[in-house]
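Think of it as A, B, C, D, E and F in the order they're written, each chain with its own count starting at 1.
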Amino acid sequence: MLQTLGHIPIGWLLIAFLAVTGFVSFYVGRTAVARAPMPREIGQRAHSQPNFHGYFLAMCGVGPAAIVFLIYLLFSEGIARGQLIAELPDYMQALGQLELKQYLDRLSEHAAMREPPVTGNQLFDTASSRLSEIRGQSRLIVLFLAFAASFGGFFFGLRRINRQFRARDYVELGIIGLLFICAAIAVLTTLGIVLSLIFETLRFFASEGSPGVFGFLFGTEWNAQTGEDFGTVPLFFGTLLIALLAMCVAAPIGLFSAIYLSEYASPTLRAWVKPILELLAGIPTVVYGFFAAMVVAPAVRSGAQWINALPFTPDTLLSAQPQSALAAGLVMGIMIIPFVSSLSDDVINAVPQTLRNGALAMGATQSETVRNVVLPAALPGIIAAVLLAVSRAIGETMIVVMAAGQRAQITADPTSDLTTITVQIVALLTGDTEFDSAKTLSAFALGFVLFSVTLLFNLIALRVVQRYREKYD
Amino acid sequence: MIADQAEAPESQTVSEDKPTKIDCRHIDVFYADKQAIFDISMPIRDRSVTSFIGPSGCGKSTFLRCMNRMNDTIDGARVDGEIIMDGSDINDPTVDPVLLRSRVGMVFQKPNPFPKSIFDNIAYGARIHGLASSKSDLENIVESSLIRAGLWEEVKDRLASPGTGLSGGQQQRLCIARAIAVNPEVILMDEPCSALDPIATARIEELIDELRERFCIVIVTHSMQQAARVSQNTAFFHLGKLIEMGDTETMFTNPTNQKTQDYITGRFG
Amino acid sequence: MPQHIVTSFTDELEHLSANLLRMGGLAEAMIRDASRAVVTRDDELARSVIERDTQMDALETECERDVVRILALRQPMASDLRMVIGGIKLAGTIERIGDLAKNIAYRSLAVTDADNRTALRGVERMGQAVSRQLHTALDAYSRKDAAAAISVIDRDDDIDSHYNSMLKSMLVYMVEDPEKLDTRSNFLFIVKNLERIGDHCTNIAKVVHYIATGRQIRSSSEPMR
Amino acid sequence: MTDPQTPLPAPQTSSFASKAAMKRLKKRHAAERRFRAYGQIAIGFAIAALCILVYSIFSQAWSAFSRHEVVFDLTMERELIAPEGQTDPEQIAANVTGFNTLVQRNLLATFPETERTRQLRREVFGLTTRLAVLPTARKVAASPELLDQTVTVRTALSDDLDLYLKGGITDRRKMIVGQAGIIAANEDGSIDIQEIGDSRFTEFQAVIETLGEAQTSVLIRIDDTWFTLETVTESGLIASYLTGPAPLLGDRSETPIDALILMTPASNRTVSDRQIAWTTMLKEQGRIKRVFNTSLFTSADSTYPELAGAAAAIIGSIFTMIVTALFAIPVGILAAVYLEEFAPKNRITDLIEVNINNLAAVPSIVFGLLGAAVFLNLFGFPRSVPFVGGLVLGLLVLPTVIIASRAALKSVPPSIRTAALGLGASKTQAVFHHVLPLAAPGIMTGAIIAMARALGETAPLLLIGMVAFVNEVPTRADQESTVLPVLIYKWFSGAERAWEPMTSAVIIILLVFLVLMNLAAVMLRRRFERRW
Amino acid sequence: MPQHIVTSFTDELEHLSANLLRMGGLAEAMIRDASRAVVTRDDELARSVIERDTQMDALETECERDVVRILALRQPMASDLRMVIGGIKLAGTIERIGDLAKNIAYRSLAVTDADNRTALRGVERMGQAVSRQLHTALDAYSRKDAAAAISVIDRDDDIDSHYNSMLKSMLVYMVEDPEKLDTRSNFLFIVKNLERIGDHCTNIAKVVHYIATGRQIRSSSEPMR
Amino acid sequence: MIADQAEAPESQTVSEDKPTKIDCRHIDVFYADKQAIFDISMPIRDRSVTSFIGPSGCGKSTFLRCMNRMNDTIDGARVDGEIIMDGSDINDPTVDPVLLRSRVGMVFQKPNPFPKSIFDNIAYGARIHGLASSKSDLENIVESSLIRAGLWEEVKDRLASPGTGLSGGQQQRLCIARAIAVNPEVILMDEPCSALDPIATARIEELIDELRERFCIVIVTHSMQQAARVSQNTAFFHLGKLIEMGDTETMFTNPTNQKTQDYITGRFG
């Protein structure tokens, strides 16, 4: 019986349970007060409409149960597995963390089936059935708890409500609470990021074969795959060079197209071009990566070769590699154009029309208006936009992964292949990885650096934007 | 007893003796498909204040914007008819709107100083039009404009502070000073006081009263009282047509047209 | 004339002109009664006229308050403004007519039986003529009728001529018996007053004409004998 | 007021018309035009880039949407397919070898000369891939009555030949050599053709001349027999036997000789001359058909390009998106409502705001790290399942949703709120009755854009192991699966050249989804956009 | 009182009161000259007075136009409003004073040498008293001085008593020679006119008081003999 | 001659006989640190119109917003002092502002109808306060409010069309109707006409004139003329202080305080 319970898809059951409780208690609460007619006269109007009493009761009923379920969803599986592991024979427990995990994954998948097929493996079958048993138990418990909680809440609420009871206040309190939690999730995310990064980074520096902070930040040799050298300078170099190339393309083009669209373009033109730019923004980076590797990189290469072939240039002037920083940079630039343009577009449009009229009425030409009035007013916003774009470029992954290459080297030649922080992170963390080798952990260290750098940029940019906003609204 | 208006009254606000500065002939304005102004002709006299009144949507602002071709900046706006200023039609394609606007200044409903220092706000026009050959030259222009706008005393020791920091009324006077600085011949004002309180309004009106010694001023307002107070000639618009135009005193004591009469006495519609 | 959008404004204006017409009516009655009192030597009537003058003053006061309120609270324009300004002038004029009537009433008290009929007849006839004049003027006002107003002004000459003839006969009559001179000099003033009422009617007419047209008629206000 | 000691310089009024002023004016207008030009150039560049990108991908992709199949008429011999008479469908379906043998026999039958050496056999079997018979196997397994029946079987042509037929691999040129003269066999097995009396021959000679040293292989064909050209003599040519029935010797004038010139030398090719010859023959026999590549949409990933499909990825993406949407959209909207409408202006709120704005700009890969560290390592969730991927992407786009929603909420004028409050609506009522409905279109637009972004995300998913090789279509959100962008990445890194068009094809699938979503967003905006 | 922000408004108000004072001054002069003309039998003087009345009328017209313009274009409030309303009343009153003076002048033409000195002396003295009265009233106006205005009102009684005594002596004088009655009756009217000018001064004072304080003094306007 | 204002004038607009509806005592308002209102006390009479005038920034709007606790919705705003309405202090913490606002309606400077149908605009208030038990009930409320707002004739056959489609003046009257529908005791109006042209303004003024038969109306305006036209009592604010309050006629013909005098006659500052 427990097993069958262990098999049913619990999710729907819980949702149904909550829904039913919600509706029932809403109607109970509503009718409880709606019976007596509401007075219309000014003065003794009731504080809350019957609906609010309904909502209030529903809250009381659903709230506790929901919390129980949440806890269950988060931890049950972990507990169940822990339980199971404890019961496994020692030689199994002796397995490496990774193997054990994979084993459990197979188990749980097997156990999840309606009637699991008998595999020959004795231990496996028993373990699987045991697992679904444990699950069954936990579900039984949680359902019971939920019932208890919701009934408790329901009757508690029912005793409170009457015509004079200020249900609305409580309901709104509840709603706001919910809203706050949602807002908090974002914060938790950041917290999660920071903590996990710091944690793993520390482990990295703690692990044997770690270069130490200094060696990590200022070492000029990077060979993480083989797990010797963790000097990140080449990575930084590559990252920044590519970002720079990208900005050279994106900043002017993005800015000018924004200006043209918001100041010159006719409505119809705008109506056509803006979506196109948005489309450009909507294209996934992996596609850009493909484009860079398949089209731009060869072009760059042949271009480089052509230059090398020129009579007045040494034939080895440019190392015309099949993968090149330049290719990645160019494409990344194209990718960032809409980013810059839309941001600048916003700030430019935020400049009130009256200012433009003012300048025009003084006999300024349109470009003078833009250059002397609009741009100065919008400048902070534009700077912010560029900063954000830079941090975007630094953090960009797929394009460089696919087009920039893997070689960690420091060279000013944009046609040679470079590698970047993000490339290395991907290289180190793709595929099955166990979280205890310096190789893996170094990825987190890189991530931490990346995060801090972009954070810096963003904070500056956002602060500037803030100032700018205050000026206009 | 009370004098017959027919015979010229020796009020300080005669306008018949002033020469015509702008002569509008058969103006039609279209926005995209719909017509906003229907065949309006009127003379606008120099060195005096002409006010346009009428219910909102009567096209007074639209008509005003014809006179420095601000309508050009609106997509799909078309202006037919001639606006003769000093003998040449400003709608003529050969006329450069930029040049025109430096001769016909404009002040808007909402005070719109540039987010720059007070000095730069006023110097801007002079700079782009190259009116000032030297720094001191520029300073003269700024000072005299501010003095004429009656703002000098209030701001002379903070010319470097941003113009947006001033009060609403001061901002509007700053905008007027800015318009004067280019030393235009005509100043158009589009409800310059509708965003201001009575005191600030009174200040502006006083200012307008002084400026009319030197400029041809056209003001759109939807407060009849204001039109009565500041202007020597008044034109009453309704539904894009010019109903009546005449000497302000006559318009407000004894208008000839019944519509005008009704509008002014608050019997309209 | 259509109503104002703000109806209470129309109400106030009408309230004003209603009061003016009441004053006018009152004045007419006072003139008629006063002059009849002179003839019939009816002291009762004379006194009633004198009392009615206070009423007249009250009315004038009210009119003037209305005028001030309208000017202060409504900022009347164009025709309304003329109405109001005209109002204050009319109130003043009519009130003065009232005073003159009162004055006549006073003097009638001094008239003794001994005075001769024919002269008195003349007074009554003149009184009626004047009050008729006033009536037509007020009529023109209530109809805002410029033409009627002008006709009133024209008819003023009759009154004047009437007055001159009366004056002569009065003087003759006074000479008859120098002893009674001091009482009989009253007749002079009575007639004079009637004549001045006539002039005031002309003023009323002029104001009416102004209210109606916004133009105004030039002419020296008080003609001499 | 206009006081005397500061009169305006007199010349000014006239200075507008002055020569200097006019010069200035010209300059100013020139500047104007230049400025405008910059803008146009910028936009032109952006659009051009987009066009190139789209074009390059489409031009690659179109070939991937069709493929070649070889048609066999096979008799389902029981002892091969269901040996020792056991008819368990499972067994049959699994019995690839059996079916494959049938195919191979058929091929041997078609090209008997290939019997001789294993080398030849391997080459001929190379026409199709072993697993290509799987569909047939399943079919037969499903309906055993087919046993011993003759069934027309279609199997995918091997990817290289497929590519060859689509014009990949090598440039080729067909031409007619001319009427054969006397054909004689030399002792070394090669044949000697003389007296090709034909004008076209000289032309052929010329062409061969031009080829010169280049290692091009020239296939000569007489009837159904194929030779490779050794040398061209002045009146004839010497060619060595390649494949096909033994040639008839003697005076064979009137028999036409064709030549097939393959520019790429055999050594640089993944397909041999023989295979090309066979393919050509099969094609002429109509046994190779070009068909629409359905497996791209129906089948899961595979190591063989000709069998691989994006189905698994598509389904995986859909599951992932559902999870993401269920998580990010409601949470995002509610958070936005809190921040925009209820949050008191204090330090905590500012903190939340800053951190959300910042979160929106954190590189996506960092979220991958988060997922790896927290979901996989800490919570011990399984790898490469849509559920986890969805959560990570959810966190990734959450700030985007929040910001978009806030913008939408901000755009609702405060007058609406005050109006509601003024009527005695509580703050919550004001928000949920008026503000939120009015902001809904904007919010939805933002949400869709965010979803689109999530759909295109790759990096974070790489880190939580969604690169796994998935050879069957997932049915639940907690099963191993992959998503479109990751598939693109994987196929991009695949070795065979056949992956290239495949990748482009998947990209197009992905783009179609994205364009649809973006269009939806644009529509929403156009439809409900409200000016205040 | 500080200036208006819109200075031209202040200008217009001042222009108005300036005109009123000019009228006042003119009126004073006319009274003085008229009464002196009676005594000195100086027909030139008399005629000049008569001519000056047209000037008076012109001034009044201008005042009234100013008033209308101000009301129409400036919407005066509070004290300004009182100034304007007071203005129109003053203009009317002063103009009437002018008329009366003119009237006196006319009648002076009819006076013959044969008339006795003493009576005429009285006329001149009364004339001066009245013109002084008017002067103080105007003074109060120019200073907007309520107290001064009240004092003017109080002093009106002197004029009245003066008038009564004059009246008596006049009657006596007329009786002396009934033949000359028709010319001599002029004296009655002259005196009467002077008395009425006095009353008008009181009215002026009342208006001034209203302008200055916004309140107004109750009292029946025209007392009897 | 002109009557002494001291003795009760028998004008139609007496207000002394009306009972006091709201009694404000020693109100101070602070925004964050700075004080906006300084110890203002005034009675507001029922069934009559009280208008607040004064230069902008004088705190008249702020004071108005105290009366339905709209200031609560502004962060950092604090109100001290008592506002006694029908014997209870509305600033009392036990008083629910939401409920209060259903008793004290408000009309704002910019017409702000909900972007819903005209019907829903008016029905909304009734709905949230559960004033209508049935559909027909609701329809009655809507109709009567529209009639009272003098808008019924203009919109009765397009109740379903959006309220934002109406002209500015109509929109404002719609907002008034919306406020009436909750049948409040007091209606606060914050410069209800400043966005409208003279005609629409006149309409609103006429409406206010009618409404004062049934409601206690408080109106903030910066047009003195408007205050003069519509109100029976006028309060003059300056720099957050109450300078003078009294019967409107007196205020505009013979104010006691010099500041008031100067402001009203345009001599201010």
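Observations on the model:
Here, a residue touches a chain if its C-beta (ideal position, glycine included) is under 8 Å from a C-beta of that chain, and two chains touch if they have at least 3 such contacts.
Because the structure is predicted, anything quoted here is derived from the model rather than measured.
The set of chains in contact with chain A as well as chain E comprises B, F. The chains other than chain F, kept where they are, remain one piece by touching.
Using the mean of the Cα atoms as each chain's centre, the chain most removed from chain E is D. Chain pairs A-F and D-F differ in how many C-beta pairs are in contact, and the one with more is D-F. Taking each chain's centre as the mean of its CA atoms, D is the chain most distant from chain B. Taking each chain's centre as the mean of its C-alpha atoms, chain C lies 107 Å from chain D. The distance from the centre of chain A to the centre of chain B, each centre being the mean of the chain's C-alpha atoms, comes to 56 Å. Between chain C and chain F, the centres computed from C-alpha atoms are 48 Å apart. One finds 51 Å separating the Cα centroids of chain B and chain C. The multi-chain contact residues of chain C, meaning those touching 2 or more other chains, are 4-6, 9, 68, 72, 75, 77-78, 81, 85. Residues of chain A found to touch two or more other chains are 168, 365, 368. Among the residues of chain D, those touching two or more other chains are numbered 28-29, 426-427. Listed by label, the pairs of touching chains are A-B, A-D, A-F, B-C, B-D, B-E, B-F, C-E, C-F, D-F, E-F. Touching chain F in their complex are the following residues of chain D: 344-345, 413, 415-416, 418-427, 429, 433-434, 438, 530. Listing the residues of chain D that touch chain B in their complex gives 1-3, 6-9, 12-13, 15-16, 20-21, 24-25, 28-29.
The touching residues of chain C, counted against chain B in their complex, run 1-6, 9, 75-82, 85, 206-207, 210, 214-216, 218.
Across the complex, chain F meets chain E through its residues 1-6, 224-225, 228, 252-255, 261-262, 264-269.
Every residue of chain A that touches chain B in the complex is listed here, in rising order: 266-267, 352, 354-355, 357-365, 368, 372-373, 376-377, 471.
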